[in-house]
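Following this line, the structures themselves.
The two complexes that follow have chain A in common; it is paired with chain B in the first and with chain C in the second.
Let's look at the complex of A and B:
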């Protein structure tokens, strides 16, 4: 086995590097980026420096970020299979968000609805932009209904729709009445907010307003919960389902991997909400708590240890000895294979260096998996997160609401007159809290990272290249747009949005898959062949025997 | 079934597009701009457009695709995107240092009516454009045309901004290759070199979107047409525009701006397409065709004569872009295959007429639609299946549901490699196409033949 190379990452002075990173920018840009590039320092109370997150993207900087439509239609609502998701706009937005996110879904039988393989669009033309697109939208909804007979149709607004003033919500209301199925719209125009994040919020509001709570029939099961912010990329959700099944926990719904309309409709009958991706779904968790009395906790099923911990946390909530025992059994059983693989892979990966710039949760969650393999995360950051995802929810009261965030509606939620039912009494909650149990809490990424690591929000292409040159990491994690520029530099790159072609990486089997995948990537032989023999040793140092002979001859 | 809701019964749809056979203008403009050396494409609109275009191009080419965005927020959408673009120009020239920023608009910036030349002038006045560097632009609203139109518009912008007619005529010809792969552009250059003709080809994405793994990342790789070459295009002997839709606007612009005579041809995909291309080049440059080209041509015909029995009478369904489909239909007809369904998402009556004309000798009804979608195509197939389908990756869903062999051709190809390295233009490209068709048909034959007729030699 080849010894691990010594990595230069260890000798980097992060403060000096930060100076260097911003030095090339125009002054104003440098000042702004300096607030978004932070040398991590966790003090004794667990507090971390302030991160300039969720700010406007700097034009021209070559950002990773996408738009509000992508966050709403692409991320949160895309994975639901039986809603016809109709994009109202020119063709591009619908086209690009058609099957490109690797959300898996498993219809229950040949007759079960699945529209995820379809792309629906009003394909607006210039005359629609001039005269308005509402008429075409109505007609498109009618045509969709007549051909597909879905349970529900949702409408996603793209940039020009907002500008020309099409009222998708009134069209939705009219058509709902006309056709008798649920129809609702999202004002998720691409220019809303500063990133995908605005779209997540808009999606949360819409699904909560129009679908959650429509069916009060309680599902069967003793321990009933929802898993929020799990999108079943590469089958992550299926692996978590497997574990829950084994432990005897009933998932009423998942927001929104492998989800259906009906599951959203009675998700309010669950007794606990567990949040995976805090950034994209915390709004639904908060609203369900306020309206229906369902407490929420933060969990993480990325990493075997984190999965075990999260299972324990869920079991502890239900305060049932049998469940606790069963969960412990499941963990013990699952960990056998995990440990075998982990130790094997660790022997080849220990000491290697990773960087993660992705998402609103994954740059945090995946550090656990790397740590399990003995790998070190020296720099990380999110693409579209907010301060609370970096510094923890403790900073929520201090976050200044700027103009871009103010434009995203914050719903005023009141307890439901009939259906608000606290799942635990005040005393029960207090008792749990006194044992260290934490509700609606998320500490963020930075307190989990070492001092001196570099935390960068909305990293640019330029900064990415600089980090690669300086730290020479063994692996870099980001998205498809970044992938090949990084690999061209000879550094393996793992996509953590769509997982390239792999997955699941959640849960126990997911951890095994990830260990294997990273082992494959960082120890691949191909990187040693990039230079041809004649490029490695260009000088001719010897002559062939016959050349000498011919000279002699 | 993957597309379980597609009914056999066809109802007319006036407002709803399902499973489009096209995408929007800006992505074509971005692709074209990547074919200028030292150029950074820039998307003037919401940042999602840029992210989507970069992602799709990256998935198709498996190469770095760099581009900037004006990152509009709600404020910019109300007050106009001038401040965003000025800042973007400043940042891009400061940080990434390209020679050219090629700005294309989006539905957002077009709807609010941003005037790019005016903003670029202002950037110039404010000293944000370094000496000897350029900001060019193309208007590419997403609600007009398709990705092919966007490609054509940005290619025309190269002429509008750079072509110069002053000075003596040069012994060179211009080739506008159309919305084809980098491998195709490389092959077109090779053919021209074989003929001994000096060409200016634009755009040229070879060595940009099919570059080697070297352990080094260059923001601006070796490939792409240079500004000097673009300038000189106004003094070339003539222009050959390949693909009327993608290359027509630039070719005609050169004619009217610099009086460079242009000939618009079909894409040199297949036999007659390549014949016409080489014949036109030969005449325009005044050279004779070397034997090496005749050998290539002969080999392609040899494959067809050797394997004609497998092509003959096979029904084919095609989905793609007009320029490609015209040439594909032509080669299929010339090897006695029957292209019976031809669907493009790009509007154009001329296209339908042209396909009808090419396929008039096909002894079967031929359905052709411009402005159609893959949902309709699938319904046609449900009513009468075909032996083979050709089109982009999205066809794989139909292929699996209906159990029909499928060749990936066109844009985007998201699940296979090869298209960026191995051409389908020219005779060699034609040979590759024949190989692909035969592989698909014969693999199917080998799979489906009853054991007693399963054969070793085909």
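Let's look at the complex of A and C:
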């Protein structure tokens, strides 16, 4: 029943398209964009061309990117429910990051604090900009303390804070002493770095310095790990928790979906760190390894096969037969429903074409889900990733440090005098490695993509429109900012930042949700009411086999 | 802690100034708003405006980094303007500042003047470039909205031979409201310039041909003609000389200004129709007289459900004033009127529109939701009228929230809800009555289907 069709996308010459994409730009801009629009080519050693990632966005080009504050407060610390997150700045920044990412949380009881529905701001005014905002910041911290008695308060700096010279760190120190709770600040002013990625790094440094390692009580459980870079959008984290529970794996802390202050404080007692979103959180994984001796591995719970593989990888690390057997059982059990749905959906989706421009790992991870449905990813790119997320960590030594990266502090981490405890001996590690087990490794997105696919970093609005016109994809994945422009072109659009109103898409049940959702989207009759420009021109539509397909529905 | 005066803001009831400017600029034909500052501002505001309107919203940014924060953002702004011109063919670029560029003291009008000279030197044709100062730390999104409209009027309008044209400065209304306004003036047989008019640009149809910049919006040529209009009607009781584009048009071009409340409810709508009647020297069209008649009839029918009900109203100052004016007409007692704005005129305006109907409600300017929640204690409200951010309060008090204003991102269609004129008031009245009926029905242990 699988439709035997060829999509026009495959016939497109990506090099010619690249030339066309940059041709409209002024020379200087074109030169820069040419380094960020790459025709993928994986050579025999698995090496790929260099991507000009993590470079400043060109002014006036409408970018998907956000700022450092967004990465720090919005992304990394936003999903923690019991820290009072106080935005130091004018009202806008706090308001726009007020639970807009659809991070979910699940307080464990009526006494378990949840501040995620709140938006705290110092709401700076003219006079604060002139005379300084520290006094107001102190008062705001006292107020938050008196009202909520939280375990911790964190302060997030917005653009004017750094410019007027408010020292949020010294205020944090003073207030910590005065109030006796943990208070710490982040210098995540919006103008720092080239994107929200800078804010992720700042958040990682802060949470590692001020919270991780504060509670040494060993948690119960035999197989203890942290999951890093999982933000519980649409309940993804809940699904992963369910799978871990079922397999008998103890999650000490997630960074930072459904997380709490105490879990962060205790996270250094875990025996393994598994990293989902490499871009936003690999710093914490690295620092925990150096200071506490916890190895880290890359995992991916987006896609049923990827979830199964990741579970297997975790089990293999613990080298416990019972766990391995249990994990295999769980996978076998879960895959029954997954396969049923997958095959059904595949019969309607096979051969369809997807594009993904999102995140620092989502554009990679979600390709697995599409592949499971028989769909092809012809073009993809990240919003705020670095070269290693495209080309793999193998390029790390070759990444040039520019002024923007230099402005973000790299912490000097040493093994903890008392608590550094290698979880595995050198021999054990070597033995695992000799069996092909890979630690602290990420191959990046490009080696996983086919030759001739177009990889585009920091895609602009104009380029997005060109891609839609040329490739005529069956589905386009990005964020809410792109959503309606793409739908106006008659192309189904799935938000992969906040999942529209859906989710979870992680794990096994999440995969089922995603198959269903995409099936409904790409095969919906609704799109026949909204004609894409290329569907209108009869001389074009006649040449495309897929047009006929969509009419058969 | 009761009624303590907090210096911090918990759950704000206002958005930031440049956001308002961006929305206002989006209501001009071919316009692209551009924020001079860090790119996060444009991204955050786009995503927020988009989530309310469910439409593409392009806002460009000069994308300043640390270096520019120190040495100034001029070169970035110029490069950005050039890219917006070439890539989008913008009909107008509205440059709004942000807290970053205001704090470092970039002189945007000067940079734009330089840019204009440089480009003209190269023989380029330039669209109008309007600049407006919108530091987020001074005022709310409404101040930004009005500042942008005033800047457009100051920088685009021209003198001309007096015409029968009516200028309408509606303030921040819904797309359906804007469409209705145009219909009303059209029914009086007159041409109007509605500024801004985002009824199409932020609520566009699914078209066969996608447009890079959505069609619609106030044409720049029309804005130029506003200086020669016969009259200006400006909504917003809190607007005064300094903030008002209408005052500008009056002072500079002698266009007679009629400042009115936002036309929600019978009295404010009557005032609007009377003004149109005066300006056009024509009677109120039969169609609208009949709509008014039906509305009065509905007021009577609804009274048994609504009288003595107690309402909490919050949002933008002029919207809250208009809503309070309407609510007292139907027998609802607004017990608390709150706004994040601080025009200084909120209280006196609420007093004015509620006088003769009810005692002065508690009026709180510069309010956040923490304050609103505190003030609600003991007020025993029955209903809340405001935007989505009051949901927490509604949930806590167990009373319905009728969603009005911006942002509405937990219900469908908030951007195209009609509130103004007799017809809009009717819609609003129906929604309020039904919210109250639904609650009483849901709370009944029996479950009566006949109410």
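In the analysis below, the second predicted complex is superposed on the first by the 523 of 553 C-alpha atoms of A that agree within 3 Å, B and C clash if a C-alpha of one lies under 4 Å from a C-alpha of the other, contacts with A are read in each partner's own complex, and residues count from 1 in each chain.
Here, a contact is a pair of C-beta atoms (placed from the backbone, for glycine too) under 8 Å apart; a residue touches a chain by one contact, two chains touch by 3 or more.
Every value quoted in this text rests on a predicted model; they were computed, and no experiment measured them.
If you put the two complexes together on chain A, you find that chain B and chain C bump into each other.
When the two structures are aligned on the shared chain, A:146 is found in touch with chain B and with chain C. Using the contact criterion defined above for the overlaid structures, shared-chain residue A:437 touches neither chain B nor chain C, since it reaches no partner. Touch criterion met: A:29 reaches chain B and chain C at once. Of the two partner chains, neither chain B nor chain C is touched by A:420. Within the superposed three-chain model, A:113 lies in touch with chain B and out of touch with chain C [touch as defined at top].
Once the two complexes are overlaid on chain A, the chain A residues touched by chain B in the first and by chain C in the second are 24, 26, 29, 56-70, 86, 89-98, 100, 117-126, 128-129, 136, 139-140, 143-144, 146-147, 158-160, 162-164, 189-194, 403-404, 407, 461-462, 465, 479-481, 483-485, 487-490, 530-531. Those residues of chain B that touch chain A in the complex are listed here as 1-5, 7, 11, 13-20, 22-24, 26-27, 42, 45-49, 51-56, 58-59, 62-77, 84-85, 87-92, 94-96, 106-108, 111-112, 141-144, 146, 211, 213-219, 345, 375, 394, 397, 414. Every residue of chain A that touches chain B in the complex is listed here, in rising order: 24-26, 29, 56-70, 86, 89-100, 107, 110, 113-115, 117-126, 128-129, 136-140, 142-144, 146-148, 158-160, 162-164, 189-195, 403-404, 407, 460-462, 465, 479-481, 483-490, 530-531.
Contact residues on chain A toward chain C in their complex (touch as defined above): 24, 26, 29, 56-70, 86, 89-98, 100, 117-126, 128-129, 136, 139-140, 143-144, 146-147, 158-160, 162-164, 189-194, 196, 403-404, 407, 461-462, 465, 479-481, 483-485, 487-490, 529-531, 533, 536.
On the side of chain C, the complex with chain A involves touching residues 1, 6-12, 14-19, 34, 37-48, 50-51, 54-69, 76-77, 79-84, 86-87, 98-100, 102-104, 135-138, 140, 204, 206-210, 212, 340, 368, 392.
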